[in-house]
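Below: a set of structures, written as structure tokens.
The two complexes that follow have chain A in common; it is paired with chain B in the first and with chain C in the second.
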Partner chain A sequence: MVIGIAFWVLAGVAVAAGAAVFVVDSMARATYALAVSFIAVGLQILLLQQSYLGLITILMMVMEMAVMAVYMVMFMGMNPALMPMDMTHGKKTAIGASVGVFVLLAGGALLIPWPTRRGGPPEDLTHALGLEIMGEKMLVMAVVGPVMVATIVAGVVLAAHRTRYDRLGDDLRRRPADDPQSGGVGR
Partner chain B sequence: MTLEAVLVVAAALFAVGLYGALSQQVVVMVMMGLELMINAVLLAAAGFWWFLAPDPSGQVLMLVVLAAMTVEMAMGFAVATLLHRRGQTDMTDMAQELSQ
Partner chain C sequence: MPEDAVVVVPAVWAVLAGVILCGLAFFAVALDAVLSARAQGVGGGWVTPLSRTARLLRQRRRKTVAADTLLWRVGGVGMFIGAFLMVAVIPLGKWTLADLDVGVVWFNAVDVVVWALVWLVGWGANSTHSLVGGYRFLAHGVAYELPLMFALAAPAIAAGSLAAGEVAAAQEGLWFVVWMPAAFVIFLIGVMGFSVWGPFAPALSADIAGGVRAELSAVDRLIFQAGRYMFLAAGAAFSVPLFLGGGAGPWLPGWAWVLVKALAVLTVLVWLRRKVPLARPDRFMEIGWGILLPAAVVQDLVVSLIVVWGG
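Showing the complex of A and B:
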């Protein structure tokens, strides 16, 4: 009973905060609203007895929203809270598509005869998950690791102001290097 | 709390995220919409896991979804930085060359 009430309260908070992201004027408020929505979803996952995943969802999202807030300040040329303006396009199409998708998904969720539960959760779920990751499903995590590394490399290449290719050309053979200010030993 | 309830909430979150991803012009706001959609997938997966087959191997799939969320965010921030550096813009309408 208490868990049911907590679930629906969190559900209301998650959806309302998610909608608030695209309603509020201030980018900082939008970021906070998204963080609240994520925390509510993380708590719902905790209610579903998945303590490890629920906790890392909350921790990850709070950190992510902190980074996002910095980006908002860096890149927003003006403060919409002080100078309100509409920064949307195709609003009617977007509303139509999202309502259609909701009806489709919710209809499917309510009409499909879901099978009954098979088995029960292990006693120490986090321990079991650790064994799974380092045992039978290690290949999955071994693939995810290189993907993460590739993401770091690609992110740095995209975001870096000047790389060695800007300095030394595509074949890295340009001498002297094309630097905004010449300098260094022997120049 | 039932599977249907969890899935309906996830559907609502997904729909809100889809609205944001389709309607917003600022790149970071589009990313917020995408994040909401992936979060909805995570919630639905958690519901499926708990109500249908609470086996630890199912949670590995949820970790992969979390990893996908991280990759999306990191690459989105990198592209936003590149856009801002090259074109002094953070609007999707001014970055249409990305579609070519």
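Showing the complex of A and C:
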């Protein structure tokens, strides 16, 4: 009963905070409205007794939103941080697409013949989850990790306008490197 | 895994946990004031927390133009509440408020929320200096958080559990601090990080007129400052089940040992403030990612190898 009420209250908070993202007129409020929405979803996952997944959702999303707020404020051309702004654009297309997707997903959820539950939840859910992700699919995980890191590094290398030749000179022998911003180690 | 590593106490005991946390924070403020007074060649300082609280409670609230009051208050109040959430999973001897099976992740999730809270306090005032402070804190966060996460993993790997009580119970005979010194040091650096303390105080420093708390006044300033000290105390207390054997120790009962160890760690952290220089966010980035993160990963590898081969 209590869990049921909590679930629906959190669901309401999640949807309302998600809608608030498009209603509020400040970049910081929009970002943290989204964070509140994610936290509510994370708490719902906690209610489903998936403690690890719930807490990781909250952890990752709050971290992400904290960083995203900085970039949103920094990069948005009209400087919406300092003057009222509107999060929406391309309204007709966006409303059409979102209503369509909602009807599709909600219809699917209502009309699909849901399978009945087979077996019970394992004793230690976190342990079972770890085995599920890292057991049989270890090879996939071991490959995906380095590929993701390589992608990030390659992306940064391609995006940065300074190369190693700018840092270390044409023969790569300049020490210490010529950096616009000094690091914390050895210089 | 021992079955009864911890006993869950009724929720009403949360009041006692809160009182203990406030007591530890009070001690931290007083100790810092005493050390400050001594550095200036005068005595006293033990009643400073009371006089400071009284002064801030009487102060009139300062207002700024076009402040985002909602976000500003959320940040301050969140700092105050966050530390209480953190101590909920710390076992006091054999008692705990919540025997969460993923207590270590809980701790981590709460400390990440501080990223948002400190930045919100910096943002809400609509003041340049406090916003600069908020950015400084996030830059520090990017540098300390990942090493902290990997440092938290080491005791969990060794104990084979993410529950704080079981991590403490797994240290019978040999405390984790002995064979995970790197993880312990990085953990303490992380604690100072999310408390905006010591080397991580540039977000609050005088060169930007007080940074995040530049425009904070009266009760807002009180709860923000109290929250910082309580986070410092909660972080110090969490090092006890993670690295310092929980309630293990001769003569005294378990709960007393937890408090003694937490006080000792807290004392060191407070003392360190005037021994370690401020870490510039841009420079600390390289220390965090170039030294601390590899050290934490190597520490995790060593622990994993010992666990796999040593049984």
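Operating definition for what follows: the second predicted complex is superposed on the first by the 139 of 187 C-alpha atoms of A that agree within 3 Å, B and C clash if a C-alpha of one lies under 4 Å from a C-alpha of the other, contacts with A are read in each partner's own complex, and residues count from 1 in each chain.
Throughout what follows, a contact is a pair of C-beta atoms (placed from the backbone, for glycine too) under 8 Å apart; a residue touches a chain by one contact, two chains touch by 3 or more.
What you see is a predicted model; the values in this text were computed from it and never measured.
Trainee: Where does A:146 make contact in the superposed view: on chain B (first), on chain C (second), on both, or on neither?
Mentor: After superposing on A, A:146 lies clear of both chain B and chain C.
Trainee: Which partner chains sit in contact with A:113 here, chain B, chain C, both or neither? Use first/second/both/neither.
Mentor: It touches nothing on chain B or chain C.
Trainee: Looking at the overlay, does A:34 come into contact with chain B only (first), chain C only (second), both, or neither?
Mentor: Only chain B is touched by A:34; chain C is not.
Trainee: What is the contact status of A:4 with respect to chain B (first) and chain C (second): first, second, both, or neither?
Mentor: The first partner, chain B, only.
Trainee: Touching A:180 in the superposition: chain B (first), chain C (second), both, neither?
Mentor: Touch status of A:180: no partner.
Trainee: Check the residue A:105 against both partner chains and state whether it touches chain B (first), chain C (second), both, or neither.
Mentor: The first partner, chain B, only.
Trainee: After superposition on the shared chain, which partner residues are touched by A:63: those of chain B (first), chain C (second), both, or neither?
Mentor: Touch status of A:63: second partner only.
Trainee: Going by the contact rule set out at the top, does A:87 touch chain B (first), chain C (second), both, or neither?
Mentor: first
Trainee: Please tell me which partner, chain B or chain C, touches more residues of chain A.
Mentor: B
Trainee: Can you list the residues of chain A that touch chain B in one structure and chain C in the other?
Mentor: After superposing on chain A, chain A residues 52, 56, 67, 125 contact both chain B and chain C.
Trainee: Under the touch definition given earlier, write down the residues of chain B that touch chain A in their complex.
Mentor: Contacts found on chain B: 1, 3-20, 22-29, 31-33, 35-36, 39, 42-43, 46-47, 49-57, 59-60, 62-64, 66-67, 69-71, 73-75, 77-82, 84-85, 90-91, 93.
Trainee: Which residues of chain A touch chain C once you look at their complex with the stated criterion?
Mentor: Residue list for chain A touching chain C: 26, 28-29, 32, 35, 51-52, 55-56, 58-59, 62-63, 65-67, 69-70, 124-126, 181-185.
Trainee: For chain C, which residues count as touching chain A in their complex?
Mentor: Residue list for chain C touching chain A: 68, 70-71, 74, 100-102, 105-106, 108-109, 112-113, 115-116, 119-120, 123, 135, 138, 141-142, 145, 162, 279-280, 282-287, 290-291.
Trainee: Which residues of chain A touch chain B in their complex?
Mentor: 3-4, 7-8, 11, 14-15, 18-19, 21-22, 27, 30, 34, 37-38, 41, 44-45, 47-50, 52-54, 56-57, 60-61, 64, 67-68, 71-72, 74-77, 87-91, 93-95, 97-99, 101-102, 105-106, 108-110, 114-115, 117-122, 125, 128-129, 131-133, 136-137, 140-141, 144, 147-148, 151-152, 154-156, 158-159, 161
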